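When the chains are written out, they are named A, B, C and D in that same order, and each has its own residue count from 1.
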Amino acid sequence: MFSAPVRALDLLLGSGSPKVRRMSEVSETERERYGVEPGWSFAVRHRVRWSECDPFGHANHRAYFEWFEEARNRYLEAAGLAPLSPNSPGPVIAETAIRYYHPLAYADEILLTARTVRLGRTSFEMEYAAWREGLCALGRAVLILVVNATGEKTVLPPGLRENILARDPGVEMGAPR
Amino acid sequence: MFSAPVRALDLLLGSGSPKVRRMSEVSETERERYGVEPGWSFAVRHRVRWSECDPFGHANHRAYFEWFEEARNRYLEAAGLAPLSPNSPGPVIAETAIRYYHPLAYADEILLTARTVRLGRTSFEMEYAAWREGLCALGRAVLILVVNATGEKTVLPPGLRENILARDPGVEMGAPR
Amino acid sequence: MFSAPVRALDLLLGSGSPKVRRMSEVSETERERYGVEPGWSFAVRHRVRWSECDPFGHANHRAYFEWFEEARNRYLEAAGLAPLSPNSPGPVIAETAIRYYHPLAYADEILLTARTVRLGRTSFEMEYAAWREGLCALGRAVLILVVNATGEKTVLPPGLRENILARDPGVEMGAPR
Amino acid sequence: MFSAPVRALDLLLGSGSPKVRRMSEVSETERERYGVEPGWSFAVRHRVRWSECDPFGHANHRAYFEWFEEARNRYLEAAGLAPLSPNSPGPVIAETAIRYYHPLAYADEILLTARTVRLGRTSFEMEYAAWREGLCALGRAVLILVVNATGEKTVLPPGLRENILARDPGVEMGAPR
């Protein structure tokens, strides 16, 4: 079912249960069903909640930021980062943006994808997308790895970098501008 | 402008700036404007946000819990509790409920009131209400005072009890059932 | 895998794809894994989001109301109610409450269950629970079926009643108090 | 108390009660207290809610989008746009971004400012900022005026344009890129 690169990735990834890793891959069926473009391999699924929609009948724009945060956290955990906590290095958002293409409504089944596009020493840049019959919204975030309790910037651990590069081979190098 | 009991309360309350305390009293003008019943003296003001409303065009039921939490926190701070933090005693919710009487819509100006109705040793019970041309929603919560970092129950400090009793003289004694 | 009563229910339920229905049953594996007590058969799964947790490190109490709303909506859809929209009958909350037993933290995998406990003519009462190594929170809601656009109360459709009774045979009859 | 340009603006603005308008101006006291830079005149006040903060102890990044949405809505109402509803023209977000400079914590008193920076025929661009001892976060949004019920783009009403230009004289002309 999985293509070769993904199987290779499975060997590289040292963390997370096999089930979690398998669940976070975009399958070919899903790629077609949701209209996901090439270049994205990590995904979480979601059904738009009633409480995420506003009186225009659409998912409120802030809900996408929550979804993308969830996709980011799971992506980083799958790549070997410890689950977020005040005492271990975690991503702090320096900047984030979303461009909205098609509105989403209550009960819409969507696929949320995440990928890294740039790796610096202590900072990196990710992209996120929401899919349903094609691209509905595209997001990006510039992130800094920080130990929250001390506020100190942290160098991206080598294992995390390797896992990210194995998953997203197109990553550019250097600090996000 | 303020009636005698309120001035007496001002003398008792040892914490918070005079401005904050004054701002959190229900004025007679407001009492009439919002249709607030007797028995409530502490209030915060709010205008319903767009992001708090759902596709039915009404404030989603979970928004009221956020408003009442804010009213609770400010009430307790005005009564002398340190602002919430993991290392000082703070209220943990054992149980909470809301009865909804009239829906609220985007941009509605509302008054949120809070009062204590029962005081135990480490637990207490509060009520909250949302007002706009009369009562729109009535809430209650059973709260336990806990130091979050250790998880330990804490006896309600005597100063806090006094300030609560000065504000809400009708409080019953004994642990909430 | 499924026990006999569940297969009988599958025959009764006229709406929803088989996949959706199958996904919303508590499996025996899950019953054990999450410590779900007997008397609950409908469930949705969730992983606690970072944005649902507060500085105490726990899921904020209002997140449970969002989860239970999602469980309610899916339960009612699985029982044949059209997905929520302003022009078709939908549940309006008259009253809702939650009792919290054990806190939940970021990334906790939880099971959210829903059941009907009382059926009136235009109103009904449901219960909800959050499970992780046993019961973490128990909720209830008194609901009225209303067409939002007109504000009119609606009699519970016979098909909906039948499906609810097939799923939750212990339902009591009569309007919630 | 108000400087000359603001008084002139008061004469121009045809909508909203004088009280609302007065409340949404940055006073000189506030400008100093919050460290607001020149070029911003419209503001709403907020105290960071407990439910807006995450386990890092900071306001979660999505809360800022809710605050800026509230500031945008009030700014547009003060400039003469009817309060948001599905049947009248309202701003739909094409794109939005925030850059975070300093974290905010529970109970922080903040000032949220809004201004228009570019006006097209049916679209426009706004900026938002959160202030507390200087700039804490800077946001922008590209907005399209749409009647939600029909989905049709709408030309910005002349009165709205005039009020915006009176408030924010530095606005550039032409569609946001």
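Worth pointing out:
As a working rule, contacts are C-beta pairs under 8 Å (C-beta built on N, C-alpha and C of every residue); 3 or more make two chains touch, one makes a residue touch a chain.
Predicted, not measured: the structure shown is a model, and the values here were computed from it.
Of all the chains, the one whose CA centre sits at the greatest distance from that of subunit C is D.
Pairs C-D and A-D differ in how many C-beta pairs touch across them, and the larger number is found at A-D. Distance between chain centres (mean CA atoms), subunit C to subunit D: 39 Å. Per-chain CA centroids place subunit A at a distance of 30 Å from subunit D. Residue numbers of subunit B whose C-beta contacts span two or more other chains: 50-51, 55-57, 62, 66, 69, 84-86, 106. Residue ranges on subunit C touching subunit A, taken from their complex, read 49-51, 57, 66, 69-70, 73, 77, 83-86, 106-107.
For subunit B in complex with subunit A, the touching residues are 50-51, 53-57, 60, 62, 106. Of all residues in subunit B, those touching subunit C in their complex are 55-57, 61-62, 65-66, 69, 84-86, 90, 92-100, 148.
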